[in-house]
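In the two complexes that follow, chain A is the common piece, with chain B as its partner first and chain C second.
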Partner chain A sequence: MSDAVLTEVGQVRERAAARWDVQRRRTWVLFLVPAVIVYTVFMAFPLFNSMRLSLYQGKGLTPETYVGFANYTELFTNPLWRDRFFNALRNTVVFFAIHMLVQNTLGLLFASLLSNVHLRGRNIYRAVIFLPATLSVLVTGFLWTLILNPRWGMLNQLLEGVGLGALARPWLGDANLALPVISLVSSWQWVGLPTMMFLAGLLTISDELLEAARVDGASAWQVFWRIKLPLLKPVIGIVSVLTFVGNFNAFDVIFAMAGARGEPGYSTDLMATFFYRTAIAGEHPVAQPNMGLGAAIATIMFLILLAGVSLWLILGRERDEKTGT
Partner chain B sequence: MSRRFQPSMAAAHGVLILWALVVLLPVWTMLINSVKPKREIFRNPFGLPSEFTLDGYINAWTDGKFDLYFRNSLIVAVVSLVLILLIGSLAAYALASWRSRVSNFLYIYFIAGLMIPIRLGTINLFQIIQALGLSDNLAGLILIYTAMGMPIATFVLTSFIRSVPVELTEAARIDGASEFRIYRTVILPLIRPALATVTIFNVIPIWNDLWFPLIFIRNQEARTVTLGVTLLFGQYQTDWTRALSALSMAAVPVLAAYLLMSGQFIKGLTAGALKG
Partner chain C sequence: MKVKFALLFVVMLALLSTSALAQDSVVQLTMGSWRVDDVAQMQVILDAFSAAYPNVKITFDPTNPPDYNATLRTQLEGGTAPDLFYLRSYATSRQLYEEGFLEPLGDLTGLMENFTPEARAPWATDDGVPYGVPFIAVSHGIYYNVDLFNELGLEIPTTWEGLIEVAQKIKDAGYTAFANASGDEWTIAEIVFMNLAPNFIGGFEGRQAYLKGERCFNDEHAVAAFQAVADIAPFLPEGQEALTYYDSQQLFLLGEAAMWMGGSWDIPFFESEEPEFAWSVFAVPAPEGQEQAYVTFHLDAGMGLNAASTHKEEAKLFLEWMATPEFATLLADNLPGFFPISTNTVSLQNEHANTFLSLNEGRGLDVRWAWEGLLAGQPDGYTLMQNGALAVIAGTQTPQEAADALQDGLAQWFEPAQNCAK
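This part shows the complex of A and B:
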């Protein structure tokens, strides 16, 4: 065959390939269309448009009058809103701190125990630890309000039964106790998630490494602090950020155990319950939903989440650069 | 390792058994007290019932329309999941095969939703749902949950499809198979484990969601189980047999499904956690 014919064949092939590429790309675009539409219309667009609405005011469903930053000024200068806002923010920080301290530490403890492959029944333990996370927060929240009921609740009965009756308390009626108690109930429910993630992380640590440390005479405690914990840093990061995101928009557990107003006396009010009352249910004593103000609260929550997630991403990148991975 | 008694192993069992009690005792009190008469709950809160009754269940069933609530929750969960898996896997296949600036941008656009709760867009969603005439309508919930599932679906499925050997898809392409055919006959069968992971990550939040039904559903005919339990529990505050029956009714199907499949369940969840 002459060179000319060969080039011609090559050109035909290329053209066919190019036509194929165009066709394939067209199909891929078609494949993407439904996902992009649903995700944009019902998630991305409402998120950003809600932020825009924080600059508007108006009666009823749609805030229509542009008011600039008046909603934010109202939120931070009117004592009614300001006090409730900072109260909710402080409570949410406490709620998050207790989850980090109790839920995630217990998760790490359980994962360390379960990572021992010689432990009998580890699959059963694992299934039990995760079980509450499959239940509706509403169901567990309601159930615990009955258990913690001061007059008839099983917890106080149990305490009296074992001679610790002096400890019996109105667990959810005491403004100082209610938030920690609800945080513990929530930790009880969700501890399975950090457990699973830490366990997955621990199981990727190579046996040779741990064996080598033991041969060198390291105690189990030293192996945990010097080898396992540093290697778990990325998992600790993701667990923390997921806890942060989950806690900063937690609603159901407060709604079930303390009502939408975070009883007693707003002592358990979180950002999401505050947002719900302001925007949807109508805040006391205004009793009228205020969409513009609600949008401002949602925007602030969004910025807080963004700050937390960005911090995590930056810290993660720095660590990656240091270790060169 | 030797088979002799190890103090550390005994301590591990001790801690885990203690926690298992802390988990199981509340669940046990819920189930066992739901079949006791009111008075006996307070006299004997932890033991087996001396007098067995199903009154709580019968009352909860007739006061609420639980058959309807279950049907609604089931429709919402199943349709949302099918849509998430179908739409999500189509998009993920395109994102995995198409290497360009547009597809990279779209990938990040989807993934960004992993960390941002959709609840923060509620105000505008409220207006959109009203404008589309979807308030008080299960379709409104389904569309929101489908959107909510997109980030995790595209994230897990795209990374899974990228790990499929290129030779498989290329061979099919050379044989002249269309992209849709490759997706259906080559990709879908291979990504079943990833589809299971996506299902697990989505089914529990959807089934248990309270926020959107609480805001969008006013009509009794469109209530989901969580919303129904909320309203019933308010009425039953003082009648614990009924209150616990309502809670048990919402919990038992989930518990049963979990106990039947906890093996696969945990495997899927761990796979997802490792990928992330």
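This part shows the complex of A and C:
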């Protein structure tokens, strides 16, 4: 065959390949369309619409007067709103910190214990740890309000029974205790999720690595600290981000255990309950809610979440680049 | 086969058209409300109305209470609001009228004759143009356990000081005096503080003096009202910081607490929960040396007519019917604890409701303090009074500090409070 023919064949092949590429790309787009439509209609549109609402003022659920950034100015200059906003923000940070400290640390501990193949009854423990996560927050919240009830609750009676009656408290009525107590209840409920994720991460670590370490004379603690923990880093990252997103949107457990006002005295008021009161329910039983201001709070919540998640993504990429993966 | 189907189709069409014809002569109205608990009871009342006016049928369509104000407004703005709907008293519905959503009712037959000006005021302009028919009032008082009072040999106290003495005796006997608690914060605002306040600020006249700026919200009377909250604080149940409304009810029902400051709307609850339980109610007594006593008889709900309704004439038939003794009797008997506001005297079948109503005799009546005028700005009077009373109970504020906080908060937006006599 002459060179000319060869080039022609080559060109035809190239063209065919290009055409196939275009076709394949079209098919991809086709596959994406349903997801994009669902995402646009149910996620993107409401999100942008609520941002739009934050620039409006009015009495109903759809405020109609354009006011620019007046809602934001009001939120940050009126001491009344500003104090409640920063109070809610502070409480949310505490709520998140307790989850990171208690829920995720316990999750890691449980996962380490459960990954031990010699542990008897592993499946039972795993089921027990995961069980609360399958219940509705309203149900567990209500159960815990009964347990913590100072008059007929189990906890105080238990304390009195073992001679520690002096420790009995109106747990949910004390402004200093209510938020930590509710955070612990929430940690108890959701500890199964990080446990499962850490367990899955631990099970992917190859036995050869662990065995090699043991042969080299590493103690169990060194194996955990030097080998397992570094290899778990990606999972820890994901668990932290999920906890962050979940906690900064948390509403149900506070609503169930302390009401929409974050009682007592706003001490358990989170961003989401503050938003709910401002935008939907109103400050007191006959109050008129302020949807525009509420939308401004929702937008700020979104920005906080966006900043947190972006930070994680950026840090994650830098780390990946360093390790060359 | 086909013939059969065709026949069936014709029959169905005929049925549909006749029912449509039947509906033509009956006007369908809807009624909006926040009382989701009252569906069955309101049905009895609405059925009685349909019996009297067979060509009008009203459907009761309530909304979850916390969402009611926002939902109603959205419906009104979108043109899908009910023809008739419950109105909150004072500012909340005044706003609706000022924006043209409510039909003025000045020419409604029976409205002027059957209701006093004071009763119409929560749903009328300052010039007295009514835009709602007064509908439901709730009363407040102190529930007490009759058997326990007899056992301890206690008399119904006639002065505030006497009440505190009685509370002390109950506490000494090993019982809780008051079942009230701050676990649900609104209860401290509505059934403790605003229940006792009229006796200390001088009822309607005293309250008006605040609204006109003749008194400051931290004057001696307001301080005395917060002091009264401080007086009962030692007699609340142990762990009251976290006990809820429901816990309080149970403490009273179980006989662990001898008294409960409460509202008349709980009559059906106590009667159905424990029919054998012997309880009654007395009015919050006035402080020693004060001859005039007061009862918080709160005008809670009115009925409004949607200005955009297509069946105003038929809806007005219902509103006029609301002024009749027949309606008042039906309301009082079906919803014991919710009192009709019209001047038509009705005898109540429910004994407890009668006791509650008898507290009004010889006493001055007034609505809850925060409702008129004090809810229209931020921080609102309701939240300020609630936070103040809670702080006094918790011991974090003195009564004077709580009253000062009320004055300072209201002075941020409420003109009379800014210019009040120092």
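Please note the rule applied: the second predicted complex is superposed on the first by the 284 of 325 C-alpha atoms of A that agree within 3 Å, B and C clash if a C-alpha of one lies under 4 Å from a C-alpha of the other, contacts with A are read in each partner's own complex, and residues count from 1 in each chain.
The rule we apply is simple: contacts are C-beta pairs under 8 Å (C-beta built on N, C-alpha and C of every residue); 3 or more make two chains touch, one makes a residue touch a chain.
What you are looking at is a predicted structure, and each value in this text was computed from that prediction instead of being measured.
In the superposed model, A:Gly165 makes contact with neither chain B nor chain C.
In the superposed model, A:Ala127 lies in contact with chain B only, and not with chain C.
Of the two partner chains placed by superposition, chain B and chain C are both touched by A:Met291. In the superposition on chain A, A:Glu263 contacts chain C only, with no contact to chain B.
Residue contacts after overlaying the shared chain place A:Thr62 against chain B and chain C alike.
Of the two partner chains placed around the shared chain by superposition, chain B and chain C are both touched by A:Ile280.
Residue contacts after overlaying the shared chain place A:Pro234 against neither chain B nor chain C. Residue contacts after overlaying the shared chain place A:Leu146 against chain B, while chain C stays out of touching range.
Put simply, more of the residues of chain A are touched by B, taking chain B and chain C as the two choices. In the superposition on chain A, chain A positions 61-62, 152, 280, 291 are in contact with chain B in one complex as well as with chain C in the other.
For chain A in complex with chain B, the touching residues are 20, 24-25, 27-29, 31-32, 34-36, 38-39, 41-50, 53, 61-62, 106, 109-110, 113-114, 116, 118-120, 123, 125-140, 142-144, 146-147, 152, 154, 157-158, 188, 196-197, 199-200, 204, 220, 238, 241, 245, 249, 251-252, 255-256, 272, 279-280, 291, 294-295, 298-299, 301-302, 305-306, 309. Of all residues in chain A, only 59-62, 64, 78, 80-81, 145, 148-152, 156, 170-174, 259-261, 263-265, 280-289, 291 touch chain C in the complex they form.
Contacts from chain B toward chain A in the complex involve residues 1, 8-9, 12-13, 15-16, 19-20, 22-24, 26-27, 29-30, 41-42, 45-46, 83, 87-88, 90-91, 93-95, 97-98, 103, 106, 109-110, 113, 115-128, 130, 143-144, 146-148, 150-151, 154, 173, 178-180, 183, 204, 207-208, 210-211, 215, 225-226, 229-230, 233, 240, 243-244, 247, 250-251, 254-255, 258-259, 262-263, 266, 269-270, 273-274, 276. Chain C contributes residues 65-67, 69-71, 73-74, 76-77, 88, 92, 95, 99, 182-186, 189-190, 237-244, 247, 251, 371, 375, 378-380, 382-383, 386-387, 390, 412 to its touches with chain A in the complex.
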